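These notes open a run of structures that come right after.
Next come two complexes built around chain A: one with chain B, the other with chain C.
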Partner chain A sequence: MHGRLKVRTSEEEKVKKEKERQEKLKVFKHAMNVIQNKRKKCELDTEQLDVTGQVLTKNPDIYTLWNIRREILIVFRSNLSVMEMTKLYDAELSLTEYCLKINPKSYCAWHQREWVLMTRSDPDWQKELALCNTYLKLDERNFHTWDYRRFVVSQCKPDLQEEFNYTTEKLHDNFSNYSAWHYRSKMLLHLFPDKKGGRPIQDSHYKQELKMVLSAAFTDPDDTSAWFYQRWLLGAVKNITQIVVCTVTPSKVTIAINNSVSKSYIKEKIKVIINNHEVIGEWKSCLGNEYDDLWVLNHDQSIRNHLDIKVKHILVDNEMEVMRLSELKPAIYVGRNKISFQNKYSSTVLDELNEQLDACRQLLELEPDNRWTLLTTAFFLHCVDAKAYHKEIIDIISTLINIDEQRAGYYSDLKSKWCMEDNIQENYANLSLDYKVECKKLSSLPHLQYYSFCEALDLSNQNLTSRVLPGLIKLQHCKKLNLSNNKLTSLQGFPYLTLEELNITDNPLIENHVEQLRKKLKNTKIFF
Partner chain B sequence: MSFKTKDVVLSQTRPTTLLLQKHADYLASYGLNKDDFEYCMTEYLRMSGIYWSLTAMELMDQSSRMPKDDIIEFISLCQDSESGGISASNGHDPHMLYTLSAVQVLAMYDRSDAINIDGVVKFVVSLQQDDGSFFGDKWGEVDTRFSFCAVMTLSLLHRLDAINVNRAVDFVLSCMNFDGGFGSKPGSESHAGLIYCCVGTLSICKRMDALKVDELAWWLCERQLPSGGLNGRPEKLPDLCYSWWVMASLSMLNRIHWVDQEKLEQYILACQDSETGGFSDRPGDITDPFHTLFGLAGLSLLGNSSIKQVNPTYCMPQETIDRLRLEPQILLI
Partner chain C sequence: MDDDLPTDFQVIVVGTGMVESIVAAACSRIGKNVLHLDSSDHYGGLWASYNFDGLQKFIKEVSEDPKRQEQVYNLSEKWYIEKDVSEEAEENKTDADPAKKIWSQTKFAAEYRKFNIDMTPKLLFSRGPLVELLISSNIARYAEFRCVTRVLTWLDDRLMPVPCSRADVFATDSVSILEKRQLMKMLTAIVGNTEEEMEQEFKDWNDKPFKDYLTHKGLTPNLIHYVLFAIAGGTDKMNCRDGVKESKKFLMSLGRYGNTPFLWPMYGSGELPQCFCRLCAVFGGVYCLNRPIDKVEHKVVDEGKSIVVIESKSKTLNCDHLVIGINECPKEMISPEPTESTDISKAVFVTNASIMPSEKEPLTLLRFPSLDGTDHAVTVLEVGPATGSCPKGLFVVYLITSKVTDAENDLMPYAQRIFDMNADQSETTEKPKCLWSVFYNVRDTSAPVASLVDNVHVCSGPDSGLDFDRAVEQAEQIFKKICPGEEFLPRAPDPEEIVFEDDAAPGPDFERTLEDEEEQKPEE
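After this line comes the complex of A and B, so read on.
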């Protein structure tokens, strides 16, 4: 039950109300009895239409009654004239309209309306579109009405530019109409895709939309709707699947990808070649799923010194990318790609982003603690040049952790993500098997597959909680792991890794948990 | 035009502790009076009502107060021998929603043998469409809620392989929006309840990798309002049931810490009615079994130790999910 306030009433009123309700209930039960009896006797007639209609006007969610009405209309259709049916269909539409006035969110009534329009031979779609306009004036956020509008549009196929314009109109009435922003995003992708560039939206429109968001946001920065739309626009860039790192050791081969791919993708698009012979074997997802960003191949090859190992990756346009592995230690081969986490925009869009960044900075001078302006500024900086602005971005996020405490967890993880990205790019510049993550106070460990090749990883002095432990499974080649001075409270969920050394000193752990982990990782020296 | 956040203010006199016994008493007596107006008027969703009450009672470890034998007999009677589907109540038509509720109840009772399982499987399979979507019943309404009902029902019966899972996943993914959220069908606006259904479907089908996690989880944590309560869409009022839809989704995404859990707990507790027992959508409104379950389940996700652990994907006690050896996917972080 939604939005029904409990009101205090006198005993007298209570008795009166209960009496009224019992009266109503009597009528209801009688009607339901009549309906059920007639249904048992297969009496599909006008009387049944009348009784079900009467009950539905008060309780439009009794789905079975709508089913009965459809059964009757289907039978009538084969016996009655088109004219007579038109009348019945019109009456059905009136009934749904009446019900929707009582409950504008009745799934059943909306569905009945769709059914009638799809069943009758003479649907008036323009009338339906007009009805949507009226209903959206009464409640601009009713998602049933918007869904119904999309249904009508899918049938009568108006020029989608008109629908796009409709969202502009709705947004100029009220920028906080999230439903209109949503519909706009769909129209934008339909109307202006950048087919040549492989981007979701053409540059000229991209820029125009960014401008529209900014004017909405400047009308009132606390109105959240436009910010979600902006976040989407900023992230709408080309995304290419790429091998990040491939590792070959005597025990296994692993391949880390920048995003999750399917088993068949790995099987068909990626080949590991040792001295001109393709390695055959079954790829297994690191997590045991059908899609993953780290894949493991257990092989029966003997991996010696001085092998020639390369990985071939067939790209989208059938181009081939070849990566050569180097022997970092005897019989340990690693091949790493050039990586980047930087979003790439055209210069037109980039100019616009820089302009908007300036506007945000000006807004911040007036209102330095506005969380929306702060977050947007950080995102603009990140989109323009994450590396150059790294320190400023992290400072802003640290400010947000303090001024928007409710979402401190989100900001901490966002900070962790951006720090990790910065750190990974630095680490990938020097080839080694032994790394220390130089970030401060990480609360999560995103992109861990990028470190899948490491033999030693130092994650000490962070803010890691036990939540991150299952993710350590990505460290498939790790022998020495340092998790000291973190916030681990439990070791449940610690994955099976073939570690030689694990340091978990200075964590708020219970001895008992360590004992259990010792049983799990029998060959690991645990420093506690 | 000045913008004002829609929210409620929690009063000083609100309940601040969990009134567990009151809730159990409220649910135990709910529906005992067969002439109660509210009870009669909700007959068309009775099967779900039973699921809400029983699950809440299970979580409070007081399910023995529910009339087990009557419930199981009622469910058997509600199965339609022709289609195999289960209806909300006697005299109503079979539907995906109530088929799921019935299967959930029987799973908690470990009594799936009380219905014709092959019939249920046949019913669910018959409702899958070429595009992977599911009808709610033979009348053709499509909704991602029904996709979730389908995979949850079948997985509880260990028969998920009876449908085309890849297509079911593809359909759900076709409902993904610019904000990373999901609506009821392709093109529909994101809504926390439907996000829960879609994320739940992906969790059961182990395809959580396909989510735009950062965007989605950010949108979800932005549902929290200054009162601590959560709304279901931007610029809407808080509602207790969203503490379930949002928090269960965030749990599957392993990002429950993106909201202020203490403030949310205060909001949930404030939705209790200290006189009648039960929870309502907002403080001061009339309580019902639906919000009572989602209040308790929400508190369970927040780690309240006087309530049993709830599984975020299935909204059933974790012990039931463990007994059935189901392992819905939870994302790594």
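After this line comes the complex of A and C, so read on.
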């Protein structure tokens, strides 16, 4: 029948598609050939721009072609008038925009755009900001666009409050957006620093953010982006670099710091003074890193009895902290600072944290086994008063280890960290050179630099595995180390320490391992 | 024209309501020869949308010729504005928003074409059967939709937005974080639990009230209100099985198109039957409006074949199957009489502002819990100019409930809560001013009806539900009876997939080398 509807069968459709593909392939190959030939002949001309442009509109991700285009534009720049170049730059921007429509996550198209704007003399940043808005409307989680937005904002310096509001808007659409939270954190530090209190964020905004993020976290606890932001927020407190302990013995001078600091920091800010003379020497990171929390001073002074040793530390605002070392044994000098692991919040923020803690506790009454609520409760308790709530915190983490097996390792390490902090504070109350870590079932050994001054350290009866071994290098002054009854399965990575005694009994080790360690630590008596 | 009309069809469909139109499209789509008639001069029957002029004609018809519109009664129309705006009023408006127009009856008439007022306003669930059908059949390209932007409820004597999506729950200030957790937990449990988990969870609850279950789960009164009235669309008496079913339906449709689970058809619900008619016509269906039928007869012709014979405008039409809307169907063919059911009370209002102002033009579903503690919740739909329902500056608001006394008595108390019914347009009030209203009752003809004859299929009228699901379900059942074993509305081809006899594609005429292709594949 004439004009009667007939629908192409799928077989015909397939043949047609295949034919189209073959056509495309032919064109593509031909164009690539032309480009390569021209390139060989060093023909940087308009034709090359046209051909590469045509191929890129089909496939924006051939970065070689973008490179060729930049080469051409650079050559043109020295020959053409400003007007003509403006046209070419505009055309380049149109091309990248077209390509980004095909692939909004094309690294090279975004990069080309950035290059054009940085190269031309008359970039229109407002237009770029509008482009970001369009692309983030289409895909609010496209990190390429967020990244490009940060670039644009760094150039055109718009009102950052508007940028901050923009993140609010995007998060209200969908808060599972790492990029938006991240950008928000950057804006927050820029817009609302607490200059007077020396805190990173003003109290009122800090409170507001805590509320917002808890609201996200309670709406969808399985969404990790909110938790990350909360962790960042809780950690955004005033942080002072402090000397923890300084140890001077005839064999070594070490200084332990609460944070990792750079070599130049330690060189400029810290001075060791013996009998009123500054010790000149070379600082060396214990781990051999650029940043470290334990530094060794190589010097040529001889350390004898009855010396007067001081350490000076220049703090922020050029304040000077002086610490005097005491001679605990003949020619063994140790100076320890007051230490604290407690995050310090303003009273306003503390009130908010306490309020949120109450909300968590209420929720726990309804859902005692909710792991997210449990973990948040533990974090709040830790932030409010780690020492007073220590037992409760550890109980919660122990519950988590039982109910959330998949993350048991993470919880164990968290517990180890908090137990160590508690233990270190207890230990620092008594001055001695011989300590036993009283925690139970440590799985890792954070903050070990705090024990760098000890002569004997008892780490027996924990859950330590072989992965903690390299970290033991922090025990620079240790002579007697007890690692018995742990879970060491190998001794690989055991650092060179001048130990007199090492106890590794009751570990799942084999003789062979111990033999090798004996070769390494020739003067150490190893109990196995 | 009458002379051109063939007399023999495989399927004749009488009435262009939703069910009839879907059946017509489905039959035509698989190659049946279809004739589609309507006694009226427009598509849709009781499912139609009217411009303001058309609506006036309809109102006139109901009041002057009740026989023609038997389904509609108790109709009362009312103007709250002057026939014409006096010069003085025009001048005095300066204090209010200058962009705000002072409306008059004349101004309504002047812009009559910009109105599309629905007789049966309904929403589509974003993942409901009609949306799926529109997509799978490719009929969606004939229609446009807008997302419902918010779901409201009436709580503590005021309108409140209902946080129903994850984004809403996060952003709202009206519930505590503790409540956020409870609400999200309840919502995700309803959506996420497997059949088995549901069975386990609800085995002791199914026939008990949903409200009791929510209370038992420790939800606060606010949250219970949101879930029971706004999300499940229920009442105090709703049982747990239905509550969970309805909530699930609502929640499953979230996150597909907009922030709520609903779509509203541009230019009104009356567009939808027409989309199906269009597909029917594309596949060869013949259309005749203004074609009342006078007589329907069932005949057995030679070889025992049963046919249906229709007299229309003194022409005799024969078909193997007759599909007929319940309003057009001769009573004697229906068996048995449809069971007694509750009729529907409806009202339409035209107002000068939204019931709850917002930054962008809202499209609102308000689920109004019963004010007098009875079992009759009211569904309110508010649509604005962006939907093509009315001129700029106006909103059309529909109120729907089950009939208790009559439309006006049933619905007026609700209207008074959200509108200003008798104020002067020049003064600014908190509530939007009602400019025009119509109240009416509609007989509920939505119950499925059987006919006495096997090859006469009766289509139900509009139901009072929020969506089109029952219409789609019934249409599919009728189609399956007419065309057993055939696919229901397979995907219709796009224009570029269609070939005409003369330019049919020749077979493959070249040989390709596979190796070549695999070596250098342009990445797509």
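To be clear about the criterion, the second predicted complex is superposed on the first by the 434 of 528 C-alpha atoms of A that agree within 3 Å, B and C clash if a C-alpha of one lies under 4 Å from a C-alpha of the other, contacts with A are read in each partner's own complex, and residues count from 1 in each chain.
Just so it is clear, a contact is a pair of C-beta atoms (placed from the backbone, for glycine too) under 8 Å apart; a residue touches a chain by one contact, two chains touch by 3 or more.
These figures come from a predicted structure and were not determined experimentally.
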item	value
Partner chain(s) touched by A:Ile396 [first = chain B, second = chain C, both, neither]	neither
Contacts of A:Asn59 with chain B and chain C, given as first, second, both or neither	both
First (chain B), second (chain C), both or neither touched by A:Asp220	both
Which superposed partner A:Leu25 touches (first chain B, second chain C, both, neither)	both
Partner chain in contact with A:His172 - chain B first, chain C second, else both or neither	second
Residue contacts with chain A in the superposition, chain B compared against chain C	B
Partner chain(s) touched by A:Leu131 [first = chain B, second = chain C, both, neither]	neither
Which superposed partner A:Val15 touches (first chain B, second chain C, both, neither)	second
Touching partner for A:Gln362 - first (chain B), second (chain C), both, neither	second
Common ground on chain A, meaning residues reached by chain C in one complex and by chain B in the other	1-6, 21-22, 24-25, 28-29, 59, 61, 174, 219-220
Contacting residues of chain B [partner chain A, same complex]	1-3, 5, 35, 37, 40-41, 44-45, 87-88, 91-93, 95, 137, 139-141, 143, 177-179, 183-185, 187-191, 206-207, 209-210, 214-215, 217-219, 221-222, 224, 226, 233-236, 239, 254-255, 257-260, 263, 273, 280-282, 284-286, 288, 290-291, 329, 332-333
Chain B-facing residues of chain A, complex	1-6, 21-22, 24-25, 28-29, 32, 36, 39, 59, 61-64, 66-67, 70, 107, 111, 115, 141, 143, 146-147, 150, 174, 176, 178-179, 182-183, 185-186, 219-220, 222-225, 228-229, 231-232, 235, 260, 287, 289-293, 405-410, 413-414, 417, 444-446, 467-468, 470-471, 473
Residues of chain C touching chain A in the complex	166-167, 169-171, 176-178, 180-182, 184-185, 218, 282-284, 493, 497-501, 504-505, 507-508, 510, 512, 517, 520-524
Residues on chain A engaged by chain C in the complex (per definition of touch)	1-8, 12-13, 15-16, 18-19, 21-22, 24-25, 28-29, 58-59, 61, 171-175, 211, 214-216, 218-221, 356, 359, 362-363, 366-367, 373
